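Handing you a structure now.
A, B and C are the chain letters, set down in written order, and residue numbers restart from 1 in every chain.
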Amino acid sequence: MRGTWIATLAIALVLVDILLSLLVAPEAANFRAPLTQRIFYYHVPSAWVAYLAFGVTALASGLLLWRRDHRWDAWALASAEVGTVFSVIALLTGLVWSRQEFIGYSPFRDAKVVSLVVVILSYFAYLTLRANLEDGDQRARISAVYGLLAFLGVPLSYLASRASLHPDFTRPDESLEAALGWFLLASTLVFTVLYAALMHARLRIARLEAALES
Amino acid sequence: MLPEAFLAPPLVARSVLVTEGLTRAFGPRRALDGVSIGVPRGALVALIGPNGAGKSTLLRLAAGLDRPTSGRVLIAGIDPQQDGPAARSNLSFLAQDAGLYDALTVRENLAFVAQYFGRVAEITRVAETMGIASLLDERAGTLSRGERQRAVISRAFLGGELLLLDEPTTALDEDARARLLCALGSRRGKRTMLVATHDEEIAKRCDTTLHLAGGHLV
Amino acid sequence: MELRARETLVPVLLVGLLVVAVGLLAFHDVEQRVPIAAGVLWLALAFAAAVGMARAFGAEKDRGTLDVLLGLPVDRGHVYFGKVAAAFLLLLVVALVTAVTYVVVSGEGVSGNLLALAALLALGSLGLAATSVMLSLLATQARARDALLPVLLLPLLIPLLLAGTHGTEDVLSNAPFAQWRGELFLLIGYDVAFLAASWMLFDAAVGE
């Protein structure tokens, strides 16, 4: 069955990823704390998925409103739930890593941190909004509107942090060795597959719930 | 007027309000289920039914304040979902819990709506009909419940041609009720009115009554 | 038509001023420094928006006039802009009062590029008005409406507050235009983006 296939694949890939990142991945010579740097392989992909999920939620919201098709509501909700998990992971791993890596690090000055926090707050707000709306049709529509507005706020948050010309702790991309880069890419793909698997499962649950209701 | 019949085009043209298979579901519960009606121009129609029958839902959908789950509404041939402003220019909806702006005078409250329908000149006349002419320059916040209800009814008459009134007789004393009945009666033929009510007296004066129960026409 | 929507907000002015007073009193014993001044100013403004403006649609619904507004034969976007205009003016007043009161209370002299400060505050107020009014409409239709609104508002306000406070800091320290130019453009972009998006989405957000 397609469902289990994707789930097994995802789990397998994640396990492989964890093993490889801990054992086989090349030593990061240019980083201050090479061991903790391995967290990087979870942080970057998590952040990527967090943003991807938000994009999916926004896209589903837009489609729902534009096409007046409430079937997209399940996608918006599923992506928001899954995205929340990934974004929290991203934030935590990011903070742990940065603490080790940079001296005198202040997360509040970092544009990436700010935009990730905004994403998390937006997810939280979105889910809280949904929890307070009872009528299914209305809930779909109103949360879709909020989803779109919140999505608008993310790039603005990023730019707002950078525009202030305060020091910005971006990752030292230029010193990323080739092998590291490849591994990072691989991890990102793994996480994306994981996201897809979770979405698939969540959407299946949503379909069952809908069938139960009618 | 045949509520159950499918309406042919000529009838649609003559009708101010048409609904086709109107359904509004709140989750599994259907407040309205496949309701099709046609209200011809100038008619006074009563909408009768027990509480929870779907009367308010029907009126709100007709007024464009809510979206149907399926089916559609046509006001003078216009679908409020397609062209809201045009549809709304033909309507006037009075909700059960309609209110006024307390900080403004009664006149200002009435004018607020009247100005959009070119009926500002009628304000005094309508106020006299409903017996609140003396209150026009009072702040709305000082009115009693009965006076407020008279005021919101007046405001409704200053709106679009199709009047959608939801239980207008609540909080009205005998005098106000008589005035309302008189007003409704005198406007028959000139304006189209759909009134949801429990009041027998109103029903008696109407051209037709529609009975609603459990979301269906009976 | 916008004028009429504005009239109805007059009583809310008093609420707004109250919030300002509270906001200021809470901070008056902090050390006098430019970043603090900027922070206080914008925080008070944000509070006023969240508490005062947010009631924009809540009040309408409670009073029973929301249906009337939505029943008018005009583009619903006009109703939105009417409310935003009223909220904007209100917030400008709040900003002015806060700024003046702060100067008076802290005893510090007024320095920096005041024109630029006014511009930033105006843009910030507009952005606050745009988002809080729109979200007020969303929240009004949900349960726990008063508690819900700040939750919804916060993520959207972060970019505005960041740009506003940083820009204000720069402006009050007489920094060159190039330094706070970014914040200015961001505020402009924010306002345009949210006003446009809210206007387009307004109709979709209505309807029980």
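One rule holds for everything that comes next: a residue touches a chain if its C-beta (ideal position, glycine included) is under 8 Å from a C-beta of that chain, and two chains touch if they have at least 3 such contacts.
Model, not experiment: these values are computed from the prediction.
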item: Identity of the most central chain, Cα criterion; value: C
item: Remotest chain, chain A as reference, centres from CA atoms; value: B
item: Pair joined by the larger number of C-beta contacts - A-B, B-C; value: B-C
item: Chain centre separation in whole Å, for chain C relative to chain A (CA means); value: 30
item: Chain centre separation in whole Å, for chain B relative to chain A (CA means); value: 49
item: Centre distance in Å when chain B and chain C are each reduced to the mean of their C-alpha atoms; value: 37
item: Junction residues of chain B, two or more chains touched; value: 67
item: Where chain C touches two or more other chains, by residue; value: 207-208
item: Interface hub residues of chain A, defined as touching at least two other chains; value: 134-135
item: Interface residues, chain A side, partner chain C - complex; value: 65, 114, 117-118, 121-122, 124-125, 128-129, 132-135, 138, 141-142, 144-146, 148-150, 152-153, 156-157, 159-166
item: Contact set on chain B toward chain C in their complex; value: 60, 63-67, 84-86, 88-89, 91-93, 95, 97-104, 108, 112-113, 116-117, 155, 159-160
item: Residue ranges of chain A touching chain B (in the complex, touch as defined); value: 134-137, 213-214
item: Residues of chain C that touch chain B when the two form their complex; value: 1, 4, 7-8, 10-11, 62-65, 67-68, 70-76, 203, 206-208
item: Chain A-touching residues of chain B, taken from the complex the two chains share; value: 25-28, 67, 69
